[in-house]
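Letters A, B, C and D mark the chains in the order given here, with residues in each chain numbered from 1 onward.
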Amino acid sequence: MLNIGLLGAGRIGIVHARAITAHPASRLVAVSDIVEENAAKLATEHGAEARSSQAIISDPAIDAVLVATSTDTHSDLIEAATAAGKAVLCEKPVDLSLERARSCQAVAGATGQPVMIGFNRRFDPNFSALKAAVDTGEIGKPELLSITSFDPAPPPVEYIKVSGGLFRDMMIHDFDMANFIMGEAPVSVFAIGSSIVDPEIGKAGDVDTAAVTLTYSDGRIAVIKNSRRAAYGYDQRVEILGSEGLLQAQNMLENTVVKSTAAGVIGAKPTYFFLERYMAAYEAEWASFVDAITHETAPPVTLDDGVAALAIAEAADLSAKKRRLVAITELF
Amino acid sequence: MLNIGLLGAGRIGIVHARAITAHPASRLVAVSDIVEENAAKLATEHGAEARSSQAIISDPAIDAVLVATSTDTHSDLIEAATAAGKAVLCEKPVDLSLERARSCQAVAGATGQPVMIGFNRRFDPNFSALKAAVDTGEIGKPELLSITSFDPAPPPVEYIKVSGGLFRDMMIHDFDMANFIMGEAPVSVFAIGSSIVDPEIGKAGDVDTAAVTLTYSDGRIAVIKNSRRAAYGYDQRVEILGSEGLLQAQNMLENTVVKSTAAGVIGAKPTYFFLERYMAAYEAEWASFVDAITHETAPPVTLDDGVAALAIAEAADLSAKKRRLVAITELF
Amino acid sequence: MLNIGLLGAGRIGIVHARAITAHPASRLVAVSDIVEENAAKLATEHGAEARSSQAIISDPAIDAVLVATSTDTHSDLIEAATAAGKAVLCEKPVDLSLERARSCQAVAGATGQPVMIGFNRRFDPNFSALKAAVDTGEIGKPELLSITSFDPAPPPVEYIKVSGGLFRDMMIHDFDMANFIMGEAPVSVFAIGSSIVDPEIGKAGDVDTAAVTLTYSDGRIAVIKNSRRAAYGYDQRVEILGSEGLLQAQNMLENTVVKSTAAGVIGAKPTYFFLERYMAAYEAEWASFVDAITHETAPPVTLDDGVAALAIAEAADLSAKKRRLVAITELF
Amino acid sequence: MLNIGLLGAGRIGIVHARAITAHPASRLVAVSDIVEENAAKLATEHGAEARSSQAIISDPAIDAVLVATSTDTHSDLIEAATAAGKAVLCEKPVDLSLERARSCQAVAGATGQPVMIGFNRRFDPNFSALKAAVDTGEIGKPELLSITSFDPAPPPVEYIKVSGGLFRDMMIHDFDMANFIMGEAPVSVFAIGSSIVDPEIGKAGDVDTAAVTLTYSDGRIAVIKNSRRAAYGYDQRVEILGSEGLLQAQNMLENTVVKSTAAGVIGAKPTYFFLERYMAAYEAEWASFVDAITHETAPPVTLDDGVAALAIAEAADLSAKKRRLVAITELF
């Protein structure tokens, strides 16, 4: 039984607490949050204690910490926890700064402690089935990847301002998905972004609609589309064309009921947002982390993966601002 | 080039005229109708002459006649045309009376002239693909057939009164489809019918909603559902369970556009009614008739098939009225 | 917090144990089974005790019992538990004998204790969404119901022999679904059954393929199809035609991945069997039971519902054997 | 009745001949082709004469010519035919050279004769339904367009060499579709192309896989993906995200049959190639041309539209070669 400390009791921390408790081989023993009553409330619900992050990290009885705090604290907490001999599962992104993420990578890497980055979508049953089909050659050689990722509604502008921008905050999931499916990083990035959903987002210096083209060393291509708004819900689709066919992971729907009337044939909408869509993914992510620690194998998503996705995000941000193709090597 | 006479210039006659003209090996030379101006109009559109049915049948220059008149004239016209040495394609049903249909079968059969009955659905690309898949064993041994057949809206009660009733007029298509898919006639029939769509239909002595169960000598089962009203259009589906899987022929849709909004995911409705849904089937039906005459092979749907479907309809009618299982042998 | 005793630690007992533990307001305290080690194992996994059924029923600290034993013990256990002042959730069917079920109904009813029957499918998110749409009039007046219910593979013949037959064991779920959707019991039943999947089932006196037609007092019709074998998995569909449209609850699929190759467009199969398909339903069922007990409201599925479904099963069995329409009133 | 001359009796000429003959208000009177026997054969089939292109253009009895010759002759023939007072329907693209196309635009424009460019996909029932839904505001303000356009198999390398390259030959359809759906031309183009399907195509200086991003003056974005090979057939999809929802025009399938077996749920493939997929579109295109000439209204797709699409193609070609964003204004 692994004793787990959870840093961060916000929306995503609550999700992780549930997964930790539900897993037969892990137990939530302590929770921290900058809002102490949030930590206390979540701790009580799971029979755990509310403590400070520092107290959790320094407790020798705790085997691993799950970092679900604000992004600007991720690197520091990863370094502190690995220095204290803990295994770490940290929410994405590693950091808003590629430079800081890379120094964290060096520092945490030197400890030898396992660090996993929470790219939950790799564990979605649909995307992992698609990846398995690619890997077993069901569509021959993969050639052209498309990722569609639309949020149901934009976050508050206050959030946008501290988010690091669409490429680091939202599309980073899709950059990791591209790395996951294609099995390697791209060599160049071209990004176009606009603020057409909400002019306030544009005033805050960010974009809300974007298209990115990734190119690979062997000529393969990936296209990623993001929008902060889809009136019909959370749109999360991946498709890849290969030499022998096409694979598509389509949206999950709220239910399977179809109504046919004079108005048309009406089906259910996609499951609303990430909590509904990815609950099974969060559970599978946690199970794979527990499994890696227990069997002392490498976590399936590493700090290197987190840095790799962040590098693409930074290249995309630069490309969109400069309106030119950016080589990944420019960033190193 | 076959010279064709068309008897009947009503709605279905117009469809057939188009198919006759479009076929490279047939030519419409004469049209008759009890409303002479209808015959004249249709004849003009196709460069043909308007004549009486008798004149068409007795014209030695005409190779084949297509009978698209009212049902009560079918048997007489089949007998007259075959006696005159014509090949015949006659619309379904052969007759409203099984006894009369069987005497026609004997009389026309004795002439040796080919007679085909217009069960157009056998030529629908979807149903014929399903039948081909059954025959090549793609689902192993067929066991349980389901046919769903709903019209978009009930016909006028005046039509109902002379139609012979739902089982002879509407479900007869499905009885033939069952014979086509299962490859043999059933041994018993159980039918339930209600008038719940339109009470006027009930007052006219007919039903508008019905479910029929057919059983076969080896224990196989078929279920047919009919309704005179589907608010969303013409619903025409067939599915069959076999020992190794399921085949479903689904509806054809007006287009492939799907709209996702806050209200749901909305697709197009089924193609509206038989002209839209079965236009390709009418053309394929005509092509197969031309092919059979040209190559002197048996038509793919015979007068025997017409009588077989009518026998099931008569058994269903009896079953619904007596509220008991009826053996097909009771009718012979 | 409700203290729960679970009678029966077989396959379905394990499912219920998980739901009891997962619910925040219920706690599994004791488990019984005729195989004591099964009870011990399941009890240990949930921090409960293994005891005899009698000990559980007579323990005043236990608030409710969940009966998941073999069907022939259901009536006795319902009577004993309600006599001891327990609330009861009992798996379907109430009994194999309608007469015994009705005496149980009288005896348990006299105690005033709540008894719920485990027709889990009412709690499936798809079927409950369909029912809600019917009740809010989204398709106008319901007219024609169709239920398709195929198991992936037949059970062992030893099971068949003690099952009470397809109508009582398997189609009883669909009879309850019909009662649920239509909102009333049918007035007559016509059933046809065959043994075409496995001749051993026929030798054991049962059928493996069946079609049943239910008729309602106002002329509405329901058609139910069952097969013990669907090579592609568990096929669980409901559709209902109303005066203003059609509602269909389609199968849930293993995932949303679609592969297009030269061989066709290939999607995932339906979720395999009832554990996969109905896990969410079992959890929702348990939550509604806890809710009813906690708020002292009537359970959403009562012992009366269990008897009503069993009456249709008995009528279907009689109809199939006698090959005639059976009125429900014949059984009372 | 319009008298039509057809220039070009190749694969696409045959399609157009059929549409001309099938239309009640047009008649094919003459056919030309550089292979005279092809012209003779097609003319015979349609009761027309084989002549030279010059003879057709100079015949005062001919009202309109349809240009279906090789691309390098388009501009000359458009100019000659309009100078001779004919209406013209010319296959896409106008020319391989933007400069030549623009001089043709000036010369033909000066004659005042109507010239329509054969962007047949605008007349596809699915894409035109999508366009109509966009225009009536069903998804609010359009924001992000995606076009997927994959051919089933690459053409011979000999064809590639004279085709003008993927952007002018294949993606030009999609550039016109973007102009059609978005209602205006883009301001900038970024293109990435690779030869990963067939290395011979790369050796011939062309690409076989490409992704293009178009940006519009108000920040809207379009993404187009092309591949010369889709093992499952012709993949032709359009989707557009708007402020209130998403519209998708999906592929048309060969039939509606779905087979469920232990191997999965298998549906039909997309209709194979442009003749199958777009036959209805070719007929609707011809009907709209006849309609425009008859009613002396502007054709729905003009020479300006042809030049506009070609300009994007030229910009894309430049972008892919220079690996940079290209403003449309650079070409003028």
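The rule we apply is simple: a contact is a pair of C-beta atoms (placed from the backbone, for glycine too) under 8 Å apart; a residue touches a chain by one contact, two chains touch by 3 or more.
In this text the structure is predicted, and so the values were computed from the model without any measurement.
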| item | value |
| --- | --- |
| Pair joined by the larger number of C-beta contacts - A-D, A-B | A-D |
| Relative to subunit A, chain with the most remote C-alpha centre | B |
| Mean-CA-position distance for subunit B and subunit A (Å) | 58 |
| Inter-chain centre distance, subunit A versus subunit D - centres from mean C-alpha coordinates, in Å | 41 |
| Per-residue multi-chain contacts in subunit D, two or more chains | 139, 230-232, 235, 244-246, 260-262, 268 |
| Interface residues, subunit B side, partner subunit D - complex | 125-126, 129-130, 133, 138-139, 244-252, 254-262, 268 |
| In the complex with subunit C, residue positions of subunit B that touch it | 139-141, 143-144, 146, 148, 150, 190, 192, 194-197, 209-211, 213, 215, 218-221, 223, 225, 227, 229-232, 235, 241, 243-246, 323-325 |
| Subunit B residues within the subunit A interface of the complex | 230-233, 235, 253, 260-270 |
